[in-house]
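Both of the next two complexes hold subunit A, though its partner changes from subunit B to subunit C.
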Partner chain A sequence: MGQHDRYDAIVAGAGHNGLTTACYLAKAGMKVLVVEKNDWIGGAAVSRSLHEGWTYSNCSYVCSLLRREIVRDLELPRFGLQVIPYEGGASFTRDGDYFAYHSDHDALRREIARHEPRDVDAYDRFSQTVIRQCRFIRPFLLRSAPDPTSFKVRDLQELLYLVKRAHGLGAKELAETLRFWTMSIGDFLDEHFENDLIKAHLAGSGIIGTGLGVYSPGTAYVLLHHYMGDVDGAIGAWGFARGGMGAISKALGDCFEEAGGKIVTGSGVDRFQVEGGKIIGVALENGDEYRAPIVASNMDVKRTFLEHTNARDLPEDFTRAVERFKIRGSSGKLNIALDALPEFPAAPKNASFLRGDLHCSTSLEELERAYDDWKEGQWSSNPYFDMLIPSQIDPTMAPPGKHMMTVFVQYAPYDLLADGKRSAENWTEERKKAFADCVFDKIEEACPDIRQRVVHAEIRTPKDIEREVGLTEGNIFQGELTFDQLLFNRPVPGYANYATPIDGMYLVGSSAHPGGGVMAAPGANAAREILRKLGKTTSKVATAA
Partner chain B sequence: MSDKFDAIVIGAGHNGLSAAASLAAHGKSVCVLERADHVGGMASDRMAHLLYNPLPRGVQAQTRQIDTVSLSPDGKHVVLRDGIASYASGDAHPDAKAFKTLHARLVTYAALLNTLAESAPPGLDQGLTSLAGLREMSRLAKLGIGVKRLGKPEMREFLRILLTNVYDLLLDEMPDGPLPGALASDAVRGAFAGPRSPGTVLTLMYRLRNGGSVSLPTGGMGTIADAYANAARKAGADIRCGVGVTGVIVEDDIVLGVTTSDGGKLLAPAVLSSAGPMQTMQMAGIPSFDIEAVRRARNLRAKGTTAKLNIELKGRPEFTGLTKEQSKSRLLIAPSVADVERAFNPAKYGELPSAPSLEIVMPDGQDRLSVIVSHVPENPKSGWTEKERGTLTETVIAAIEAYAPGLRDQIASTDLLTPADIARLTGAPGGHWHHAEMGLDQMLTTRPTVGMARYRFGVRGLYLCGASAHPGGDVTGMPGRNSAAQVLLDGVA
Partner chain C sequence: MMDGRIDTDSIAAVPTGLIPGPVQSRLEKISTAKSWGNWAGYVSPLVLDTVEFEYFAIRNQTTLFDVSPMHKYRITGPEAEAMLNRMVTRDIRKIKPGRVGYALWCDEEGMVIDDGTLFRFSETDFRLCCQESMHGWLLDAAWGFDVTIEDESHSIGGLSLQGPTSYSLLDAAGLSAVADMKPFDLREIEPGLWISRTGFTGDLGYELWTDWQQTGALWDRLWQQKQPWGLRAIGSHALDMVRIEAGFMAAKVDFQPVLTASRLGRGRSPLELGFDRLVDFTKGHFNGRRALLKQKESGPRHHLIKLEIGGFKPADGSLIYYRKKREVGHVTSAIWSPTAKRNIALAELKAPYGGEKINDLWAEVYVNEEGIWDKRLVPVTVVTDPFFRNDRARATPPRPF
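Right after this comes the complex of A and B.
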């Protein structure tokens, strides 16, 4: 038997949300322990050295959604967090042209006009709508979702807040909002733009991380999920965390430890221990046990309840609801060490947009076909990717003169089809290599010398992401962002307020409202709920105005 | 005959006729103008064959409820009747219980939502402080109370599945096969969507709002159109076929009447159009409309996806594994939800389906197979030449022949109507069954689109009364009836 230490609260999993919850609880004066299965903290926000001299943000790779209210509350810059915005991006065509997305508005208008004069004003209309929708949704991120079936004062208050905000839009805007939320990104772009390449460039944000195609209703909302962030107040901008995404986790970890918290790495939770419907602590895989009246799980809802909680401790209908929670792996990743900056012959030398997100998809049809492959259990033969070279802006990522490249690839299935059977076990080394080759072939369309530049490449399939980070099926959002799993339905109806059927046990990861992305909102919201439950109302947790 | 009326209805489809009947019943003089030489629009034997909803009051025709049989490649066909599933052989179906529970749940939810279909979509235009605004809110509140009365677990389930997709809904409850395949194909028939597309649970519920039974008009679909026309005539409406509307006369933003294809002019303070939003705008002249409204009408999602194949036979075909009586059911070829999704793929790219899902009916007293072919693009990339028409016909025949050996030898002739043909013959935008996609973004307050949802159409006196208006498609007459109610409420006729 291992030790039997007592704490006020235990957080299972040191992802950015778990750490955020831990920080808030520790700052409220609680004695908090964070346990983490890996030897490092961060979950999917990590910086790893997998090839000497290089640092990989080998899961999440860019930053924008991290709520600034939380950054301020926890004083993350004091702990070394620095987010550097990157400028623009581009989509390359097969015939040597490209569409450059400049962050300078005039430059962007000129570039759009070069491809399609009619799309210039359409772009302004498009971005107005998107920004309006972002403004509408942002305040909800740092609030708990109301339970519409409840008559509790707090739920009614939250519901009233929602109704008031909606009513404040006015009839026309409200109808417009309903429409936007239920639309596909493809239809939304089709009604604004004429040019295929421009549409393809803007569509990516609607599908990244989901098991949906560009023409699936609801993907316009996913677009918001990628636009509602900011870097230093620049709405919709994205940036790199200096030192890789692990810098966020490191800052959170340092903040937590300064507040008196303790982190134990190297052994994950084996069992959430429950007695008489109440949580009493956790038992780790290495046999250690810890006790606390409050336990917060940063693992996704499926992993938490189906793998590490005894079924007898849960109501049957809850277990059933968790079982049908949709969490589908749809993306893979390549992390590549380069011996020099690769050439993009189509682009002007030193073009600023090369420091942004690069793509090679040229039409919505191509993106939708990539989705069709995935539905059948295959990786996309013509994949979409979001490719960046952060070492151009953050020199700490690679040795001098060398570079690091991150390629997010969609779609890649978790349960790969091979020999007539769909199984995650089908991801053999050989097939992983074939998958990477398929991506490299596509990158070569824009960057013919890419293969010569590669020093080392890490290939990550949904299966690998699940194994290392613990995200079920390798889903980067800890659950699909579809209507049946948003707001009061996330993760399951009736449990959207971070509490679970087990007294004292909370869910603080992205499986909870408002969902995935390195946002830290679920973690902060959950901390607020926990502190409220404990009557520690004097401790402030970020809430959007 | 007078050339002045209280109201003119453009198009004698079932919605136009239903609007005319409602107005005439309120003592208004109404003239219905129809371009074709017969009434009915899409409600004709050539284009449709079944009713999913009961006929409205006053419309009388002979119908009989029929079973649904979902054909299975392994011969274990599934018979569906009122939420009960069993094998055609009479054996019990292992998923019958799950199906029954799910069906009952969906029917309950659908009935709740149906209250929204019965009048204009709830709006917020009047705010919350005026009497009219409160009346709107009270309608929503009524639905809210209905939902609350489901009880907590059911209400949660309702809110969870409302906006989601049938693929997950069905496969969460039962393994894939012809049983869920049948429901999936019902959810997407007529739609530009696959079972995986969110919003398809709502389209399935739209089908189930009157219990989900299917009836066959004993005398053919034409008798339904005639019944609608008779009801309108009985109420006093004047129906003129073979006279198309060439333009709506608008002066100072007020409707005065219409000009007709025979060079005539009919005057009325109210004009109800069962054509699509864009066609209606063109008739009234684009400059009469706000530029934003025009843009929205142009962007309306109305990609027709449904073709009809009529196969005249020299005798009754025999379906393997079905009795003579069973083969008179509604036969579905939708072997699995995955197959229905796969069938949708080519339509997205303007390609012909290689294994479409089919709905097959043998109308009473005829040796004819009436086949609805899902997921056929309106304008294939290759165009509709004789070659494409032949390919599609052949694909469908081969698919049916797999279940009815020897069918080919019995064929006397075939008649294919592509979505493009349906658009040409009926004027339905894109040849779309519902005139506008029944997507979440084109429903209720946003049907057909933002700012046009309450039948009033830009110019004073001009109204939409077709399937592109709320609540949408299928032979219900509801958009027509609701539109007429709005006309009466506005006091323009």
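Right after this comes the complex of A and C.
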């Protein structure tokens, strides 16, 4: 093995978190290599052209959580990243009406009043509660989670910070916070609102990406997780990355290469190589080997340790905890090329809310039933979807006058039930088509001409997401965002500080605190931990303002 | 009238209050924000719908803004070049026919009267566009030269079409002849319709100039191509954000035009505003030359500079401190830049701060947090490049988006 195969650090997986870690390490002067199994970088933050003229954000499709501290540190706009906010959204009903979520506050109040006058002020109180919770939690995103059992000075300091913040809330708010973190989104919305359609519209954020129903405890936190992002300080706002989500990965990749980093694509890690409890490098599937005293895995915790690490290099209780880690596929996706903008007969001709997120679920009950199907191993016969047509705003996604539509669908199981057996192998081409048909039927409730508009469609099941991106069971968050798997329990108790039982080996993906979404916080936090351990300055790594 | 209302038609021989520009009827129809400002006596939109979405339309799609209220002067005649070169600080002989150049002009003390864009139609035919009323000054400056000065402010309309898809929209509107125009090129694309590849955004964009009476029809022609290129009409608030990102200064905001300030010492020289490169001492005499030459030796009294501000809160109006103690200047314009994802500002510092001394500078930022003022001292960094820069602004032929 030549000298050129030795690095200061290797990052396994060019997802947005892996690339973020890589950027920070390279900018700190380290010689860093990123290895990626696909021929392209980005993990689940990709833009791909599968039909000529169209660009799909194949996996993740909207952007809000990406921490602006990181964008600023890494100067991602200089590498072409532009995030464009979108306006509002709507939930359509079967009888030709809709609830429009206007970004204009006055219009929103009028629209709520049109459906239920009592919910108008309720909405403002709901927003106040959510924003208050967001303010409480946001500073923790760019901090490592403290280990409450540790007596290390830093853990104690971090714990003290947590206690101080919690104490600052006062007894009543602290009780509210704990309730909020553990209750269901359904219960939370029932406490605030009367109208079913409004509740259904707001509930989506509580279940997206999650193997839980709207009445499952813990889903209120999932809503918070989706709200704690912002676009330019507008809390809860979402936007498109111009050019698709791959623009984020491209900017990170360019930043990394400018800092002297090297990316090798086309072969994934076969083995994390360990000697005497220490990481020494990686062996790729194509036989290439690279050496480094630091190896950071962007893969999820299960994939990293159960598939690519020798079990005998790990403590047994750690392996057991990793096996227990919940990471269930619950969502599918349709990426669709359209020959024209589909018609939404219910909406006014120039409705701006059509440029936002669109849904066809009308009650919490309906959403809960959709979850019941998933528990039974079926895709939801009446699915929830989060549908957007980004090409209305982003001119780079489709030819002029044509459109690109992204439809995130819930629920879809990883291990589909068929012939009395649950298995991912049951996702045959035929069943994928049937799944897509079911989604198209549902979309027709809002736009009856949708099927005539389709030029090309990519159908993605949890199985496809696992195969292509490498996310176990196709779980988009690299592990459920439930309280038992958050903060110092993420990914497993005792290992919340990005380190692992193997010396020099780190976990930098969304399996680690603070979890999933294209946030880049785990990647940045991990970089800070690595640099700290190496005795290097960490002042250049974003911390919460 | 007893009820306090006034019939505005019968007050004076001339209109009182704001008068409509050439496209006001169209703007009224699309305005949801009902937020109007005063631009040189005309009604001009501050915001038509939402600042945020208008801003992003400039940086993502394309936008239309009526610049007709701008002051416009035609300078023609065999000595037009000589007269203008005597007036402005740069050497305008370098601006060839079919080109546009940015220029500043000063009083005898070298203090800036205004800045503007100079359009050169031919060897002997120019138009000067600027914020301040300049008719009187131009007439004075023309004394002894064989030139004619005409105030076109109310006879020529202008529409600014700005954004990455602006060329595609012009193409769709049948104006693809602009394809080979480089930044600052000026051309008569159709009889009576001049287009320049100019703007105040730092992005791809064009300004279209035509007869005041034709401006409405031109607006409609562009507006018909709203789809698929995502045209949005905008107000001046969004425009103000992008001009700060582009690092452009605004008269009466970042500097005080010397003829409009009643207090002494408010004037600033081009050197103090950072435009050394637009002062040509070799071209012969020009207004303010002697004073500027003297200041070049003694050094400027102030520096108008670009700053990156710590934290995320815009530093509008902040005082700037050296070593957190000595007050050395203030912020003149500031925003959080949604595209650059930086907290940016223009600021005026007392020399030598912002010149030789650029370290250990701090901004005092005030944030109103729901009734409680939070005061933060944050570090600032002096930057030289524009905050926003994108190849698409300069690419020729222009890209479709």
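As a convention for this text, the second predicted complex is superposed on the first by the 539 of 545 C-alpha atoms of A that agree within 3 Å, B and C clash if a C-alpha of one lies under 4 Å from a C-alpha of the other, contacts with A are read in each partner's own complex, and residues count from 1 in each chain.
The rule we apply is simple: a contact is a pair of C-beta atoms (placed from the backbone, for glycine too) under 8 Å apart; a residue touches a chain by one contact, two chains touch by 3 or more.
Quick caveat: nothing in here was measured; it's all calculated off a predicted structure.
Novice: With both structures lined up on subunit A, is it a clash or a fit for subunit B and subunit C?
Specialist: Here the two partners, once superposed via subunit A, fit next to each other without clashing.
Novice: Thinking of the overlay built on chain A, is A:Glu289 touched by subunit B (first), by subunit C (second), by both, or by neither?
Specialist: A:Glu289 sits against neither subunit B nor subunit C.
Novice: Kindly classify A:Thr396 by the partners it touches after superposition: subunit B alone (first), subunit C alone (second), both, or neither?
Specialist: second
Novice: Where does A:Asp339 make contact in the superposed view: on subunit B (first), on subunit C (second), on both, or on neither?
Specialist: It touches nothing on subunit B or subunit C.
Novice: Is A:Gln82 contacted by the first partner subunit B, the second partner subunit C, both or neither?
Specialist: second
Novice: Using the touch criterion from the header, give the chain among subunit B and subunit C with more contacted residues in subunit A.
Specialist: Counting residues of subunit A touched by each partner, the higher count goes to B.
Novice: Identify the partner contact of A:Glu176: answer first if only subunit B is touched, second if only subunit C is, both if each is, neither if none is.
Specialist: first
Novice: Put subunit A at the vertex: what angle do the Cα centres of subunit B and subunit C make there, to the nearest 10 degrees?
Specialist: Computed angle, apex subunit A: 130 degrees.
Novice: Have a look at where A:Glu191 lands relative to subunit B and subunit C in the superposition and call it first, second, both or neither.
Specialist: first
Novice: Minimum Cα separation, subunit B versus subunit C, post-superposition (Å)?
Specialist: 22
Novice: Enumerate the residues of subunit A that count as touching subunit B in its complex and touching subunit C in the other.
Specialist: none
Novice: Quick one: in the complex, what on subunit B touches subunit A?
Specialist: 123-125, 127-128, 148, 152-153, 155-157, 159-165, 168, 172, 193, 196-199, 299, 301, 341-342, 345, 348-349, 439-442, 445-446, 449-451, 453
Novice: How about subunit C: which of its residues touch subunit A in the complex?
Specialist: Where subunit C meets subunit A, its residues are 32, 50, 52-53, 56, 59-61, 164-165, 168, 227-230, 311-312, 336, 338-342, 400-401.
Novice: Which residues of subunit A touch subunit B in the complex?
Specialist: That would be residues 148-149, 167, 170-172, 174-176, 178-180, 182-183, 187, 190-191, 212, 215-218, 317, 324, 326, 365, 368-369, 372, 375-376, 482-484, 488-489, 493-494 of subunit A.
Novice: Which residues of subunit A touch subunit C once you look at their complex with the stated criterion?
Specialist: 68, 71-72, 76-77, 82-85, 87, 103-104, 231-234, 242, 392-396, 400-401, 545
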